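First subunit A sits with subunit B, and in the next complex the same chain sits with subunit C.
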Partner chain A sequence: MSLLVDIAILVIVAVVFAYTVRHYRFYWDRTFGVQEKASQSFVGAYAPSVSIVCPMKNEENVAPRLLDSLASMDYPKDNGRYEVIAVDDNSVDKTSEIVDEYATKYPFVKAVHRSSSPILSKPAALNAGLTFANNEIVLFFDADYIPPRDCVKKLVAPFTDPLVAGVMGRVVPVNTPEALVCRVLELERAAGYQVDQQARHNLGLIPQYGGTVGGFRRAFLASQKGFDAYHLAEDTDITYRAFLSGWKICYVNAAECYEEVVSQIHRRGVQVRRWGIGHNYCMFDHWLRTLRSPLLAFWSKVDGVMLLGTYFMPFIQLAGWILGIYSYLFQPPFWSPLLFALFLTLAYNVVGNLALFSEIGSASLLDRRNRSVWLLPLMLQIVLYYVLIGSRSFIDSLSAHLTTRRRKRKGTEKFQESYLKERSP
Partner chain B sequence: MMEYLVLLGVFAMMFFLSFVPGYLEYRLPRDPGPLHIDLSRTVEPRSEALHFRMSSESLGKSQEWTPVPPANMPQWTGGALTYQRELKGDGGSFKVLRIDQDLTIPAGTTIESAIIVQGNLVSEQDCSFREWVYVKGQCQIGRSNKLTSVASGSDMIIGEESEIFGFADSDGNVRIGEGCIVRGLVGSGGKITLEGSCEVKKLNGRVIIVAKSGG
Partner chain C sequence: MEAPSPLSRSSWSLEPQRNHLILGSCITIATLLWLAMYVQEYWVFQAFLVSDVLVFAGVPHSVFLSSGGYGAGFLGAIPPAFLIDKMNLPRGLIIAVVAAVLLAMLVVAIIPRLSPPIKIVTVFFLTLVLINVAYEMLHPEQPSPLQIDWLTSGIVIIPLIALVFNVTIFPIPGSLSTKLAGLLGCLLFSVGWSIVRFSLASASLFYLGTFSFMFLEYLPGAFVDFTYVLLFYSLVMYRLATWRKSG
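Up next is the complex of A and B:
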């Protein structure tokens, strides 16, 4: 028993150490390395036709703000080159009327209404929007986002590379003065985008499409029949589908967009739990394919598998702590105390992908937020909370995956058919 | 037993000490959010200067200014209506003066504080500005001046052999005199004219005119 516990702890320490090295590699690359600008020299010069899909469910407070921003976007709007598809997803408030009002006001805004739909999910709403998209590139913005006027120009620039299937922009919280939680989440966001995503882009690894402030070639989405309507992390799923089919995704740090972050910690917990379950489904679906893929380079495979394990890490952490305490109290071999101390140190420094503290420091430095970094110790409590939430989401996702509770992938045949019909001679 | 309690106390103190800076930043935020994104931005290179100008304008309109007492009034203001306030920066606090009318700064003056001029600004030769300058109207910098950064809402002229360590940005036209050194971006909503040989890191204007040396 003692030997088993010690071996388990050693394995956990090795895994945590691997994540630590990965994060420090990212930190070093972003802070001191050469930065890859994702074809930003083509901004303004390259303007392919763009469809923007905005899913909205009971968003009467924020929908006009997003639609106003998209209406005043600095992008050529002639000959249908720019269209906004506002999807009213079974809303019971005034979202439906707002969407219709904008569709009447602007010729490039289309209103799509989903009512009494069989599948009530964001990816299902996105698929509904996709069936009305006519343009080469499809971008996605959630209703509570505020894109600046140059956002679309910057996001489409990487598509000058024919191997690029998708892009992802930077997300910046707008409501940071609202609550302390918002300020701490701002640090987490900064590290996740400014350092983590940019470093993965620099190093040619797996930059992730995050579900909003980004998009794909319509041809690629059609080949995948759109998004999995039942998936809780359709963004991660489509990211891996892109890389495993030989495409690339680019991260565009300059394409910044405001978002509203949650201001209550329990609401953040609900978000993380949902993302965790969805992300773990992706891990079950894609980890072996990632390792076996002939299209991915060695380090892309390593990063791909580690990225898939992001929401598995909290469970690993918790298991490590429990085993470490058990080993220390009941059956300590001569090296256990040292190991335990080492593990706690590593654990403090990294929890999966949830913003390594050095990455936060680097992000604050790059953003010139000299004082915000003082809030860093408050991340400790958030990290502990994530460990509990993440562990629960791993157990939930595992049990759902092993039983019949998880549904099979469901894309949109209609979208693929319409795309193929349009392309057929 | 006692030594364990002392150790525990020291540990607890160190633990809670780590939260003190965070608490201070939360109570008196110096990095007030959100992180700036210029929603009207279409040209990226000038965003720093544009942000600076927007901040300076809103700072100028704020209510926390106090009139400078006559005894402390710097001579170079020439008795103009002047207000002051303290601002906190990376290297500690610094003073900002707001002058609510046109201003002419005599030759050889050194200005330690940042200045916001609500009218036009003219500086004579050999002036030195230790902090930034924001001018709402026209800005005419004299020969051999030294500045950190300067922005104006109307035309700007930088005199010969002046040196700017940051950016020079104007909504109107900008003329850069011969022998000038600008270590940051020269941005303009109109045209930028370089009068002869000068050293500029980057230019961003609608039209760039390079005049021959000496005219």
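Up next is the complex of A and C:
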């Protein structure tokens, strides 16, 4: 028992150390390195035909704002080169009427209503929208996002590279003065996009498609039979499917899109738990394929597996704390000189955790949001909260994966094929 | 100054201050070497200060210092030891404390106006009190001498702070004096906190028992260290960001 605990602690410390190195690498590259600009010199010169799919479920408060932004987008709209597909996903409020109203008002807006679909999920709504998309590139925006006028032009520029299957833009919270939670989430978002995603793009690793403010070539989505309708993290899933088929995804840091973040911590907890479960499903599905893929370079494989393990890490951290306390209270470590154990524990807490926080510091500096850095210590509470939520989501996803998910998945694949066949125009 | 446009802020990066980075690396190495050479003296210095705090707190104790250890170097250092006996609390007082804690937990649980985080934190600390009482009943024996060593002195955090500042602060363009002041401030705070932590844990051993000592010695070590390093980091980053803006 004692030996097992010691080995487990050593493994956990090694894993945390690997993530620490990864975060410092990203921090250093984004803060001091040369930045890859994702073909932004082609902005305006390259304008392929674009379909924009917007899933909306009970979004009467925000739907008009998004549709207005998309209607006034600075993009050529002649000859059907620009179309907006607003998918009303079984809404019970006025979303359906709003969507119809915009479809009547603008010739490039199409209204799609899902009223009695057997699968009620966002990816199913996206697939429904996809069946009506006719253009070369398909972009996706959630209803509570506010794309600026040049967003689409910037997002499509990387498609000049024929190997690019998808793009992802930067998400910037817009309601930060609303609550302290929003301000803290702004820091988290800044680190995630300004530093983490951009560094992965710079280093040729695996930038992640985040489910909104981004999109794909329609041909690629067709080859993948759309999104997995039962997946809680269809965005991560499609990211890995792209890389594992030899395509690339580009992160476009200049394509900023504004969003309203949640203002209550428990709602954030619900979000993180859902993402965590979905992300862990992706880990179960793709980690071995990522390691074995002949199409990925060595460091892309390493980063790919570590990215898949993002929501496994809270569980690892919690296990490390529990085992550390157990080891401290009930047994001496087998490597005897206590110095080593102490060093690892301290390094794990200070250097390891600060790697993540240094990304936030760097993002604030690069965005010139000086006063935001003051809120950094508050992130500590959020991180502790995520450890608990993330651990729970890992346990939930593992049990669901081992019991019901595999059976459901087979059914989904069959359904997906027949559904897309039936709905294709 | 104008807010940066999305295109410019998406692609700019900073020019690392290599000379500051080299200086930071030298400071980290020097700190490591200094500690390796003078760890014995550092422990003795800490032991004197902890002893003063314990006298102030009314905790009877004896300190054992090794006379031959000065300059003993990295692994040959002999840790000072404190001998502290636990105070024997009357059984009636223990029963009264347990009853009060249980009552408090009940009250906290049924007050609807208390927010969940307050309830969780209160119940957590009250539970610790109960565990402490139970632990004392199971292990009434007196503790072995407490050593100010690698584990308890908080000495390992010192080179780690230097390393963290070296990697994350020193390469950022900005005033060297701000960086050095931040590093020095964080190191001094670390030394001060290590003394407070060990004194607090030792005093709790005398007044509350073995479990409270173990709890105060271990958990604050892991979490508080990170918290103050983060505070100093954000303070220095703010100063450096302001320096860039005005510069």
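The criterion applied here is as follows: the second predicted complex is superposed on the first by the 382 of 425 C-alpha atoms of A that agree within 3 Å, B and C clash if a C-alpha of one lies under 4 Å from a C-alpha of the other, contacts with A are read in each partner's own complex, and residues count from 1 in each chain.
Keep this in mind: a contact is a pair of C-beta atoms (placed from the backbone, for glycine too) under 8 Å apart; a residue touches a chain by one contact, two chains touch by 3 or more.
Everything numeric in this text was worked out from a predicted model, so none of it was measured.
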Go through the superposed model and pick first if A:Asp74 touches only subunit B, second if only subunit C, both, or neither.
first
Applying the document's definition of touch, where does A:Phe32 land relative to subunit B and subunit C: first, second, both, or neither?
second
With both structures placed on chain A, which of the two partners, subunit B or subunit C, ends up touching more residues of subunit A?
C
Given the touch rule stated above, what does A:Pro177 touch, subunit B (first), subunit C (second), both, or neither?
first
Output check: A:Glu256 vs subunit B and subunit C. Expected answer is one of first, second, both, neither. What do you get?
both
With the two complexes superposed on chain A, say which partner A:Pro377 touches: subunit B (first), subunit C (second), both, or neither.
both
Set intersection of subunit A contacts, subunit C complex versus subunit B complex
148, 254, 256, 367, 370-371, 374-377
Contact set on subunit A toward subunit B in their complex
69, 74, 146, 148-150, 172-177, 180, 182-183, 186, 190, 254, 256-258, 367, 369-372, 374-378
Counting only contacts in the complex, subunit B reaches subunit A at residues 18-19, 21-22, 24-26, 29-35, 37-42, 44, 90
Considering only the defined contacts, which subunit A positions touch subunit C in the complex?
24, 27, 30-35, 37, 40, 148, 170, 194, 198, 253-256, 321, 324-325, 328-329, 338-339, 342-343, 345-347, 349-351, 353-354, 357-358, 361, 364-368, 370-371, 373-377, 380
Subunit C to subunit A touching residues, read off their complex:
1, 3-4, 6-7, 9-16, 149-151, 156-157, 160-161, 163-164, 167-168, 171-172, 214, 218-219, 221-223, 225-227, 229-231, 233-234, 237-238, 240-242, 244-245
